[in-house]
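The chains carry the letters A, B and C, assigned in the order they are written, with residues numbered from 1 in each.
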Amino acid sequence: MNKGILKFTLLSACLDRIKLFYIVLLGFVVPIGMKVVTYMHGAEESQTFEMLTGKVGVAFILTGLCLGLAGGGSGSQTGKGGEYLPLILTRPVTRAQYIFTKWSTFTLVGGVLAAVQNLILALIGVAFGEVLSPYVVAGQMLERFLDAGIIAAALTLALVANHWLFQVCAITAFYVWMMAQTMPPVSVAGPSSAGVDAVALEGTHLMLTLSRLIGDLILPTISVYDATNAPHFPLLAVVSYVSTIVVYLVAAIAVINKREFFYGTSG
Amino acid sequence: MQTDIQQLGDVVAPMEERTKCIIVQDLVKTYKGGRVKALQGLTLDIYEGEIFGLIGPNGAGKSTLMGCLLGLLSPDSGGISIMGMPPGVLSTRRLTGYAPERPDFEGWMSARQFLEYHHMLAGREPCTREAEIDSLLTRVALPANVWHRRISTYSRGMLQRLNIAQMLLGEPRLLLLDEPTLGLDPVGVVQVRKVLMGLRETGVTAIVNSHQLDEVERLCDRVAFIRDGKICSVQHLNENREEEYTLKVRWNKNCANANIGTAVDEAARAAGVVLKELTNASASFLVANDRASCLLRELIVNGIDVEEAVPERTRLEQLFEMGAQNE
Amino acid sequence: MARAADTSTTYMPRFLVAAAIVLLVARAVVWFNTMHDGKQQISSVRWTPVEEFKRSASLANGKLVLYKFCANWSDPCQRLESEVFINHKVSDLANADFLTVCVADRVREDGTNTPQIAELQKRYHVFAFPTLVIADANGDSKGVLVGCSSSLATYRFLARASQTESYVSAHK
């Protein structure tokens, strides 16, 4: 890990006013507002709330931040935040160090913000009589760090792999996954339909199934609550999670090692 | 103009005694699956402590050569040795400083923060940070009142000074400069020249890629003319300071009188130069490098109010023309 | 020509590559084993089929009723059992504080539902499976959770209804 890259990536996250505003709004104001309103009216928490306080919320935070924190944007020599890679990479820093430090920083920033958000929401719940044990709250906060770790790894790879085909696949997979997060996994009731209704139902079913497959493949999750309360240790979830992160990091290092960073190249 | 062109393979006596800092051998680099041939078997030796210029038309391969020396581009074939090491290892990177032509600075940072970042990237000791940064910012004559201002507010000249400062972090032994005087005012240009000349005295090697031929001529010990990915010629500039060239001098028309011809002639004879052409307001002289200042002094002593004195063409411009004619 | 004395800037950590290969193989093996054994995971919630359920039991016990509207052909319903109710916190709470009733839709299999099922679906506006409905002794809805949510979200859904009911009962 390189301390310089860590320090100045963190500073970049803190000192950009537009990004801070985005994070405060989407990461804190909206979910906290939703929680308060839900409790005041005795309503059930919406799917949107579940999204913003879970993995999707972490993804929103990190995609907003990463656009300014990373180096080597797609098709460009510069990072989207102005980090000039041809200059950075002429310093005595290995590219693997650069990737690893960036991933760690994204994980730290995304994890801390989302964990703090979850903590605030848990405290608000206490004020309204919902008592969750500290154990459960700590588990949720840990989960946000785990979510940040895998989303950060995926984003790091996406930011350095600028081949158009990869970018198309990555963006498509991400949006398929995101779209289906807007609804809980359900099967629509009713008899077998025909015509347009059948196509619509099958389309929804396909999207949900595809989303689940893509999610399990590219963004596997570890539920800390399930891991600590299930009859068996969720080995598949843990192995999937760790293996995916490692594969993303290896791929990101391989890609950045291969890329040529100089004006006049397409790298 | 007579040129003293070093033929490839010839060894000039003084250089033999010096250590080779950079050895490039048969370097080939192509893009787009071989369709664009940027370097075609380029071979070059650069010695320690010299300032080496790279000139050539656009697309000649100068930037590609720089990229290969920096380890940012991988050559298709051939070899590069920098102080006995390949370009893509950490030891080489520790000894190299690079000033890119078009750096993209992090606008939210101040100059101090930017240098602090690169100080940390260079792996320097934290205890040396403050002193080194202050020293560098002073050296490149960046005003102290802007050191804490955001880079996004800097002028082009300030950015270039900052660029030079970051290049000097870590006391590099090899400097690669891409258009180092671009955007600088005359004071800044002189500053850069002084910095490089000073570093040369300590044995630092510098490679300058520039289209500012007059600046290259003033700065460099040797210059390579590159075209179509190959070295066409390497010229020793220091050894040819006595070469003759045409100096065009213009003076205030108000001091011209019937005796102007006599005065100019006397000045030329006293300075040991040849008068080629004379009008009421200007004259052309054939001078050697070291006689120009003498000529100007004699003209002034003879009552001529000199306003301007410029060489008609630099030697490197003539080299360029020769290169173009050979196509 | 030049000695490669130290670390290359494009160094790939070998341990990371080895870890990636080992973990991918492990993932494939564990996935295969899980697929083979997965169907045997059954939750410990004691679901009473709706045909056997009597609302009078709720009145007698003072417990809320937890209806699980599901369908045998629905993947999310199977996941609810194998991933959510397998969590012992959730299943313990469901068993302790609720009368758990399973309302299985039969339209695709039999062409129609029984009148009891149809009436329940209509009463609680069930349009998707799985749907969890918490009802009191009078059959009034106290909470609805549509879809297969996470274990924690399901636990909080049950706990909120259970805590409210305990509070109301204690303060009558």
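Observations on the model:
One rule holds for everything that comes next: a residue touches a chain if its C-beta (ideal position, glycine included) is under 8 Å from a C-beta of that chain, and two chains touch if they have at least 3 such contacts.
As the structure is a computational prediction, the values presented were derived from the model and not from experiment.
Chain pairs B-C and A-B differ in how many C-beta pairs are in contact, and the one with more is A-B. Put simply, the chain farthest from chain B by mean CA position is C.
The most central chain, judged by C-alpha centres against the centre of all protein C-alpha atoms, is A.
Averaged C-alpha coordinates give centres for chain A and chain C that are 24 Å from one another.
Distance from the chain B centre to the chain C centre is 72 Å, each centre being the mean of its Cα atoms. Averaging C-alpha coordinates per chain places the centre of chain A 48 Å away from that of chain B. Residue positions of chain B with contacts to 2 or more other chains are 71, 90-91, 93.
Those residues of chain A in touch with two or more other chains are numbered 89, 92-94. For chain C, residues touching at least two other chains, in rising order: 7-10.
Listed in rising order, the residues of chain B touching chain A in the complex are 31, 38, 63-64, 66-67, 70-74, 90-91, 93-94, 96, 98, 100-109, 113, 117-123, 166. Across the complex, chain C is touched by residues 44-45, 47, 50, 54, 89, 92-96, 129-132, 136, 140, 183-192, 209, 223, 225-226, 229-231, 235-236, 239-240, 242-243, 246-247, 249-250, 253-254, 257 of chain A. Touching chain B in their complex are the following residues of chain C: 1-10.
Residues of chain A touching chain B in their complex: 2-5, 7-8, 11-12, 15-16, 77-78, 81-84, 86-94, 260-265.
For chain B in complex with chain C, the residues that touch the partner chain are 23, 25, 71, 79-82, 84-86, 88-91, 93.
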